[in-house]
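All chains are identified by letter, namely A, B, C and D, in their written order; residue positions are counted from 1 within each chain.
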Amino acid sequence: MSFNSFGQLFRFTTWGESHGPAIGCVVDGTPPLIPLSEADIQVWLDRRRPGQSRFTTQRRESDSVKILSGVFEGVTTGTPVSLMIENEDQRSKDYGEIRDKFRPGHADYTYWAKYGIRDYRGGGRSSARETASRVAAGAVARKLLAHVLGPTVVIRGALIQIGHQPIDRNRWDWDATEQNPFWCPDAKTVPLWEAQLDAVRKAGSSTGAVIEVIASGIPAGLGAPIYGKLDADLASAMMSINAVKGVEIGAGFAAAALSGESNADEMRMENGKVVFDSNHAGGILGGISTGQDIVVRFAVKPTSSILTPRHSVSTDGKEVEVSTKGRHDPCVGIRAVPVGEAMLACVLADHLLRHRGQVGR
Amino acid sequence: MSFNSFGQLFRFTTWGESHGPAIGCVVDGTPPLIPLSEADIQVWLDRRRPGQSRFTTQRRESDSVKILSGVFEGVTTGTPVSLMIENEDQRSKDYGEIRDKFRPGHADYTYWAKYGIRDYRGGGRSSARETASRVAAGAVARKLLAHVLGPTVVIRGALIQIGHQPIDRNRWDWDATEQNPFWCPDAKTVPLWEAQLDAVRKAGSSTGAVIEVIASGIPAGLGAPIYGKLDADLASAMMSINAVKGVEIGAGFAAAALSGESNADEMRMENGKVVFDSNHAGGILGGISTGQDIVVRFAVKPTSSILTPRHSVSTDGKEVEVSTKGRHDPCVGIRAVPVGEAMLACVLADHLLRHRGQVGR
Amino acid sequence: MSFNSFGQLFRFTTWGESHGPAIGCVVDGTPPLIPLSEADIQVWLDRRRPGQSRFTTQRRESDSVKILSGVFEGVTTGTPVSLMIENEDQRSKDYGEIRDKFRPGHADYTYWAKYGIRDYRGGGRSSARETASRVAAGAVARKLLAHVLGPTVVIRGALIQIGHQPIDRNRWDWDATEQNPFWCPDAKTVPLWEAQLDAVRKAGSSTGAVIEVIASGIPAGLGAPIYGKLDADLASAMMSINAVKGVEIGAGFAAAALSGESNADEMRMENGKVVFDSNHAGGILGGISTGQDIVVRFAVKPTSSILTPRHSVSTDGKEVEVSTKGRHDPCVGIRAVPVGEAMLACVLADHLLRHRGQVGR
Amino acid sequence: MSFNSFGQLFRFTTWGESHGPAIGCVVDGTPPLIPLSEADIQVWLDRRRPGQSRFTTQRRESDSVKILSGVFEGVTTGTPVSLMIENEDQRSKDYGEIRDKFRPGHADYTYWAKYGIRDYRGGGRSSARETASRVAAGAVARKLLAHVLGPTVVIRGALIQIGHQPIDRNRWDWDATEQNPFWCPDAKTVPLWEAQLDAVRKAGSSTGAVIEVIASGIPAGLGAPIYGKLDADLASAMMSINAVKGVEIGAGFAAAALSGESNADEMRMENGKVVFDSNHAGGILGGISTGQDIVVRFAVKPTSSILTPRHSVSTDGKEVEVSTKGRHDPCVGIRAVPVGEAMLACVLADHLLRHRGQVGR
């Protein structure tokens, strides 16, 4: 069972609430002798950190990670790696508005319905703050992948749609993703998004987004048929990220409109290796990696914390109006990019280890 | 670990290849004293059975299920329910074409890459025939849900798009789904699909589809935050079905284009109960059910078995052409409808049992 | 969760009741390309089969195993191996005595208390008949171990005590175990046990026993610290066998009376390899194998099916007397020897696969 | 998979090494609304704390636990409870002796064989210090059991043998366990053990012990047949404690010498409830609790850290002598008493939650 754990052989368990003393995770299953330092993890946490542009929440956190176990003399030992990030900016404020009212579209109501209690401060456990633990675990997964597969493995992501505005894929440039606050691979779309998000932010509204994450350099053979499918685990991984409502592999929903002929990724031999002429499969067939790029896309809904009052109910069963004041992300999809990358890294690390246990000799 | 199992407390393990003596599953975790007979299962298997119209494969199987354990005097005992379906139509034929060549877009290549061996007869383990076991397990899940939650629980599905042609959702009529070979809820779309599929079939081609499955009568509170999310398990469940490339909950990818205002499902009180004005959430918020309909959509790619020759490679590394002759499904999405329903039932049964273990007293 | 499954990467799920149509198991996680036939499994089932001497139950079963999946052209494919054994000797008889009364010392009462129903015919699910499935799974595990580690791996067991009468360990002779109906390694103890069991049988009584199972040729490094310990999994495996009440590794309970000096297994180098001067550890230190013989001992209580009337209660809460007539094992410990061997093989196969997933590169 | 986790629905994951900055655990699956404070946990940690008598290691630790998540306004919320204990007494010393040599009987060698690296400082991950995390998790389990089952649940333990010297069970007095440094229930045995351990301590030697832990007030029906057996999980739990080499339930190994008549725990009705005349079963039949006391016994070997030089080998394959100087426990069995209690509490909490998921309606 895994209410708060993810993965099988490479497995992490996260803990912590938005406004508790700290958050963190325990990463279990890391093989020994992998170089690992706090700096290796911090670099990825810094990418996700809020407050780096006017388009993300202004919560100020240094998100400094501490390694509490599992590393000795600079390398992993095979024992669990415990990571902790102290919460710093638990701004003292009046939660009266949120404490007793359920924000429509938010987990407020369902937590209450399930548990009869919730830590309402900053969203408690359902805060996107939990995703910092995922990014930390993902950093360990990246080290594992590099250690075993070498430097050819690259895992990266991009924002490909905000609201109604998609990028132009013909202009895709990975370098561009590092040069704007959106991880946008299409420089010409950036100003459009800036304008759009400025309007959203001023209106106290929010908007959704679509993210694409890609892993290159993954060998064929990872995954398993039927219920240990690589794509099923990726679907679960991405859908477990806050606010995600859809997941696609490769051609995804567009595959429904394709003919068998156009969907088939034809194969040829090149230098004694199998190569493909296209990648509608997104690098996965029958639940097992093909050796092509693993391509995963997911949709993030607009955050439910908005200024416009919405009809709702209170914990004591009264009809109320709710509007969320104060800092929030106008588009949580932006910060979901490093989170999606991290989950992709974690799933691949897990399946890499599983593969060794599956094929025996 | 679960290479061939699905679920946690309600857990089934499937086994069997397309052309072996039988296929089946072991359903573990069924509570005691639930009425269960072979007829209760057979009725759902009959819905999935191939050869019922010209639009599905002409393989002839009675798909008769036998209960081998776990039922005593007409009710479950709490011990594992073993179900077996004997394979009947293992048509003796020459597999030469497929035995040594990888069909593009098929699991042929990845099985080979992973295991160095594959049962090529009829697709072996990667045959859609495995989904009969899922439908059988789903039948047990339906009995469990009805036993615990009562007759208000309804789980049903529909095909909502074939190729480029979607239904008109304004004409949605559940009764219609039982009156055409497509589980199409929009009678006016049926002739369009018939024409389309006849053309596909004659061309020896294939096409994709989109399926929607819905559960009504599910109480609020099922699921768990973070990694035991109901929607993450549904995403995994649907993505594990053969040929599925995308999964959505509620508004799904369309949520990316929504504003926070329009995406919020506002709440009111009605007869002392919380009700919602809309269901963009698809019945799940923060990984936990809201009490609304659970709405899941998934995309099925066109089957890779097509008549048109495609470039490919052989097991001994030569470039070849492959074309698949003989019976096949022009649109595997059709028969995916009962499979999606079954997976939805199984996930809900599992989460219903988990919920009892989560909330204690 | 695993109510009816055992193992993680090498994992089997058993199903079936004593008097249902069949019993069986699904063995998941078997790597590909391992030679496997029904004969490979049958040979071990034949060892466990009842009715081979006057000292075991006279139930007549051929216990013929069928492989229903997972093997193609004589080797495993990596997909689940489904094994089935049809029940033949479901002697039609009056279960009135047992149906409504709980045998003291038997699972009758606890099944009832838990489930409110039980299949009383022949013990239903709690019958030792379930152990045939374990022996079948163990046969697959033996093939896996031989395939990966080579022919030096030997897993065997012996009965070392019946009632108050232990063997003399100084006379231990593995060959002897094949020459008497008790798997007794000490030929001189055999006549003592025969006399003892004849008396027990005539009195309609029963007696307990102690079994020792040993694996040779297992490399150092299998297992994991803390909760994936090899010895913890062995303890669970043996305690899960019907009627087992105690498990020991190496010196076991006797270790409590040892000093640190005498308990320490001193190490030396021999031909460049670490060797030990003794094996109080039973081949496991800190949950990880040392490379020495893995030595496990377990105690089996006397079967609760006895002729002498005992005070008990009925399903409707009345005080009654119970006495069990008809065939039964006077000492279930005898047939527990091949079961213990099988469980040892399964745990080792599982840990061998896990080890590959743990150490990475 | 669970290399560092224990349990299914009530599940804890421990992390940390003896000489790292901290140790701790994440307790997942705690139902909501259970009162829980640091003091509730500290009281049990204090029982286990070293340095409370001359018979345990003189390491000085306050073992102060911090709750980092999962508790809000004094009660659990259903989210993971993260517990941390900072290491204080990481005495700076020269580990040269141990760093390169394997102590016979210690996990030094097997960790090295498996991982090729080990944190040699104070035993690293294999230090008994890890058991503090178990005691902390056990404290949460106790609160859960009390919350659900009420105050009649009592879980306690005693030391019943040190070296060759057992207690006299006829003098068993639970109150006595709180009045001596051994948790000895037989006051007259205390001076014998004091003398014995003083001698052991002066000789720089060590000795083994046997512990018995008992749970009262547990209802019938917890557990599951076959592989989710309550006794199998208890065996695994106890065997996972450092230095444990044997586990028994109820009559345990002594059951081997019993006849069916004497082993049977006869049943009667008393005030409309089933009662038993004896408890050879140790409260478990067929893997399911009977409603009687759950009785578990386990043997702890002498610690391998002794002053007398022993033959061993070094990490670079040389033959060496090893002797362990400095503080250590002459009888680790003493501090295993609260650990055994904690593991018993955790297994019962887990099975209590599982039971709710098993029986449905």
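The rule we apply is simple: contacts are C-beta pairs under 8 Å (C-beta built on N, C-alpha and C of every residue); 3 or more make two chains touch, one makes a residue touch a chain.
Molecules present, by chain and UniProt name: A, B, C, D = Chorismate synthase.
Small disclaimer: the values here were computed from a predicted structure and weren't measured.
With centres defined by CA atoms alone, the chain at the far end from subunit A (Chorismate synthase) is C. For the pairs A-C and A-D, the count of C-beta pairs in contact is higher at A-D.
Spacing of subunit A (Chorismate synthase) relative to subunit B (Chorismate synthase), judged by their CA centroids, is 26 angstrom.
Rounded to whole angstrom units, the spacing between the C-alpha centres of subunit A (Chorismate synthase) and subunit C (Chorismate synthase) is 45. Spacing of subunit A (Chorismate synthase) relative to subunit D (Chorismate synthase), judged by their CA centroids, is 38 angstrom. Shared interface positions of subunit D (Chorismate synthase), i.e. residues touching 2 or more other chains, are given as 1, 3-5, 8-9, 14, 29, 32-33, 78-79, 114-115, 125, 225, 354, 358-359.
Those residues of subunit B (Chorismate synthase) that touch subunit C (Chorismate synthase) in the complex are listed here as 1, 3-5, 8-9, 11, 13-17, 20-24, 26, 28-29, 32-33, 66, 68-70, 72, 75, 77-82, 84, 114-119, 124-125.
Put simply, subunit C (Chorismate synthase) touches subunit A (Chorismate synthase) in their complex at residues 1, 9, 29, 31-34, 78-79, 144, 147-148, 225, 353-354, 356-361. Touching subunit D (Chorismate synthase) in their complex are the following residues of subunit C (Chorismate synthase): 1-6, 8-9, 14, 102-107, 109-111, 113-115, 125-126, 130, 161-164, 200, 205-210, 220-229, 231-240, 242, 245-261, 263-269, 272, 274, 277, 280-282, 284-291, 299-306, 308, 310-313, 317-319, 333, 354-355, 358-359.
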